[in-house]
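Just below sit the structures, each encoded as structure tokens.
In the two complexes that follow, chain A is the common piece, with chain B as its partner first and chain C second.
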Partner chain A sequence: MNKEIGTIERRKERLDRGIKVRTEGIYAISSLEEVSYLVLPRLILIIGLLLLPAIIPSLYWKRVISITCIYALLALGFDFLANFVGLVSLGGAFYIGVGGYMAAILNKSMGLSPILTIPIATLFGAIICTLLLLPALPLRGVYFAIVTLMYPLAIARIIEALNILGGTDGILGVAGFPTRWIEQYIIILIIIFALFGLRRLVNEDIGLVFRGVKDNDQAVRASGLSITLYKSIAVFIASGLGSLGGAYLSHIYMWSGISQFALDFSIIPIAATVIGGGGTLVGPLLGCFFLVPISEFLRAFGTLRIVFYSIILLTFIMFRSEGIMVYAQRKYHQFERWVKV
Partner chain B sequence: MDILIYGIVNSFSLALMAIGFTLVYGISRLPNFAHGALYVITGFGVWWFIHQLHLNYVLSILFALILMGLIGAGIYRFVLIRVRGMATSEIIATYALGLAILEFLRWRGFKGMTYTLPVFIEGSIHIAGVPIDLQRIMVIAIGIVVVSFMWLFTHYNKTGLALRGMAQDEHAAMMLGIDSDRMAIIAMAIGSILAGLSAIVLLPLGNIVVEAGYNVLILSIAVCIVGGLGSWVGAILAAFMIGFVQILTVRYIQSHFHMVVALLAIILTLILRPSGLFGRQKELEERV
Partner chain C sequence: MKQEPILQVIEASKSFGGVQALVNVSFEVREGEVFGIIGPNGSGKTTLINCITGFVKMDSGKVLYRGKEITNRPPNYIANLGITRTFQIMRPYYSLPAYKNLIVPLFSPRARKKGGWRGGGKLGDRETVSIDILEEIGFERDSFVPYKLASSLPTGYLKRLELARCLALKPEIILCDEVFSGLSMSEIASMVPLIEKLQMDGITLVMIEHRLRELFRVANRVMVLNFGAKLTEGTPQDVMQDEKVKEAYLGSEKLLDYTFEA
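Up next is the complex of A and B:
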């Protein structure tokens, strides 16, 4: 950009925009400009999500939206656990599988309707996942990541080996949703609610403790708070989101099977988080809306799509590990200029 | 009797598969989750050298191993070096790479019964009334040679000692003049060559299939973690434990449980004793 770059020592200075500083306090409501500075990005996201089913014409792509939303739920849970609580959970498939099977069993053997099975599967799926992960909670970093990666694999093989829960065929004939519109709008409302709910949560007092667990767990312990309790609350929330997605998935496909424990559900949310920008919560959601449709486009190429998103993931983690949303937020809130050193 | 013999063979296969991974992750603390992919690539590489370029078997093996060394060094030089120090990113990056390689091979249609490697020596012998083919004897022999060579290498060779030093305390190692990037490149190259070597020894016993890549990765992680990071004795003992338990479950319960054993071993070890049965390193960093 500048030919003298080699000779003059300079650095990029980043300063918060005036409007950002003003909108942080009570003056946020002082003028229309400031109100829109705060509200517009959120409004665009919400309206965009709500319009999505209406503007997508084909039935096939409408289905893709629902699936994307399920991935988005997982990605939100992953981002929340990884960047706010410090637990890297590679086991998204575990949550999906537990929720999915539970909804299918409730629906098939007890004859409950989706209105009941989904909340029950969410609650009890989260409880089961939390209980199973409870012994692994004291583990740090990589060790927790490897355990959670192994859980879905192990459970899928056990189901296959014992031939329980329908074995390799899975559970067929689960009830579907009455119409496509209901199917899509419920999940879209759920992700909007989950997104803003989580954002509120991490800024409450409990969010402060979560971040304490991530950054300095001994300080949390010294404050007389139980690390394991807070970690299990966080896992309960994240696995609840995953189980909800799984239960929804079973009702969308009217089927539940071992492929719900497949690695796809563990990897795409991670890739979406890396691409979208970890720690923003919005980023992973947008990452899903970017990644899953592309992956659907490439479905004709078979497993090449896995190659494709692995390479995207690799590129982002190597060269742009901050992700799209972190970058966008920086541009939105700050201006940059070169200054001489 | 056959349980004993096949248990030993199975244990040595596990030890061979895992030794590359253990060297890289257990000794140098670089996770190479593309290990399984390298294993499968070697198989296809040798096959391709033999059937497409019409080289002879020994030469193909040699070229494939050299290629593996270069790929391993390349993975560090171009991928891992950028995310070094961030454990989770390291795992995700190498895992993504392995996934890309394996799924690419699957897409190209490398599957089915057509891809096999020739055995080293034809024929079989009877040991205590149990028939066993010579390739399986070779597995044991090569396993012993490789394991003892690697043990000597990491205990009596400067480069090998430097690798261990890096895992134990990277800053102290750097102060003593050990170039940590160079060591990591060497570790990755050796680890990849060992992955290739195990593929060459083990693949003639069956077909080359892409799924093997995932299984090899899981088994290697199992051996490495059960045995404990930084412990050679542990890794070998873990290979024997998992190897025999696998053979026993296949014999007395069901063959489907083959992989479940390894997966449960990983989960249980990490939960109960994350530093492994024989690991002594860095226990404080593993748990709260």
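Up next is the complex of A and C:
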């Protein structure tokens, strides 16, 4: 122990590992060890996700995994919009609902198989969501959030009041997947591709434009780029991910109804982003794999569930507000040591 | 010097609520010249640039670029014609490294048309081009500066980054909103040759400036604004002697002393 308490003359020094050259994204790799330093974390994630359906035995928990993956798609979209384009979107329920109803209608009335309904619902769901959100695109921050929250609430009430699209019963008898294995592995492959695709996208030139829109939209306009165009491309991508999740959800439950416009789909992705670490893309995904199973696990406590859930969320916000992945990445990429001042 | 006007502003007016920011301001900028706009604080200089570049919609009046009307078009349309601007309060992308900041303008339709899909044509990809532009504007290629986050750059470099963003668009006109403000004397001294070099490259410059001594060194003609109205226009020497200008700035006849002390 240092006797002069209060004047302990040492501080924590943080150094980037030598593999990083000058700036983010430029690496110098010269040995197999350094290759594994970069590849290993990604490999662990991919293999872990692929093993998940195999190691989980019960049918109930297998279903939970599929649902978790759908939340993960929404969380990826939310993180992309919020932290790379600067649009805080509460429209998760809107995207899910549009995609879900569209897949159900295509399947029931036109008799298309899930192989066709899911891509069509993804594409046209994204187009519909983007068109409906187009008037809100000049808005920023909380104002955009309010408009995106309004749509799922309004549409659910419209369906209820006008008794269209099956009304409160929803659309029953949608085709399901042939086996559980297909159901799970397709969605797991989809989230792996969505995760690495988005990570690639935000570092491409067009991704830098998105990040520019977040940092300083006026400078983007002065650079000769239309911010409305790039915001709508971003919303198209995020709502496409959501609609894909919704279409998938309809085929998993073999049903589509107004509970697909439930606010869970808007709120849980945000909580997952807070816990997982915003701006990392992988963080929100892992956040979902943490939050959604816990929420299922706590069902045993009945109505006390929400209390425990809130305590877990609060703990994270109080003690690790940056999020798991931001913290983990910092620890992984930097040396820390105590040095004398 | 060629005498045809590249940019014409005719009777521009703009008011914000009860404040008349611009009152029937008309002027012409000739191709290849450095055109200075000066005036006391709040005289409408920045509003004028905002109106020309489409960031603010004019109440009445016209802006012509090479005889073609561009009044109240969106800012990105105007930037793609080659009319670029810097911001008085710098607007870099703070979370991106300096050289990545330039990828955004290099991605614009105008830069893509000139540079091909990769951005630099034969010169390479957009990152290579952006480092070239940064070197031209005073970021040393071999130092760490171009790779640093924009949030960690000092004011002098951010001002240069603003100019670099304009250069990335291969501009015809650059409207500079106080590029010298907030800089130290030595930083200004190193910026002046840069401005002269831009003019030699054939770029027309419109400069709003409070540093009159430096402006008068580079400017061919100067316009004076006061309370949103045009006071006078002419060569720096004429403007300096003008009684109305002295009155606007000082309320007396001490403009000469002021400019040489500042």
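Side notes on the structure shown:
Rule of thumb we're sticking to: the second predicted complex is superposed on the first by the 292 of 341 C-alpha atoms of A that agree within 3 Å, B and C clash if a C-alpha of one lies under 4 Å from a C-alpha of the other, contacts with A are read in each partner's own complex, and residues count from 1 in each chain.
As a working rule, contacts are C-beta pairs under 8 Å (C-beta built on N, C-alpha and C of every residue); 3 or more make two chains touch, one makes a residue touch a chain.
Being a predicted model, the structure only gives us computed values, none of them experimental.
Within the superposed three-chain model, A:Ile317 lies in touch with chain B and out of touch with chain C [touch as defined at top]. Considering which of chain B and chain C touches more of chain A, the answer is B. Within the superposed three-chain model, A:Ala222 lies in touch with chain C and out of touch with chain B [touch as defined at top].
In the superposed pair of complexes, A:Leu131 makes contact with neither chain B nor chain C. Once chain A of one complex is fitted onto chain A of the other, the partner contacts of A:Val209 are limited to chain C, with no touch recorded for chain B.
By the touch criterion defined above, A:Ala145 lies against chain B but remains apart from chain C after alignment on the C-alpha atoms of chain A. Of the two partner chains placed by superposition, only chain B is touched by A:Ile267; chain C is not.
Across the two superposed structures, the residue set of chain A contacted by chain B and also by chain C is 221, 227.
Of all residues in chain A, only 82, 88, 135-136, 138-143, 145-147, 150-151, 153-154, 157-158, 160-161, 217, 221, 227-228, 267, 270-271, 274, 301-304, 306-307, 310-311, 313-314, 317-319, 321 touch chain B in the complex they form. Within the complex, the chain B residues that touch chain A are 31, 79, 82-83, 87-89, 91-93, 96-97, 99-100, 103-104, 106-107, 218, 221, 225, 254, 256-257, 259-260, 263-264, 266-267, 270-271, 274, 285-288. Interface of chain C with chain A (complex): residues 53, 55, 74-76, 79-80, 84-85, 87, 91-97, 100-101, 103-111, 119, 126, 144, 147-148, 165, 168-169.
Residue ranges on chain A touching chain C, taken from their complex, read 22-24, 26, 205-206, 208-209, 211-212, 214-216, 218-227.
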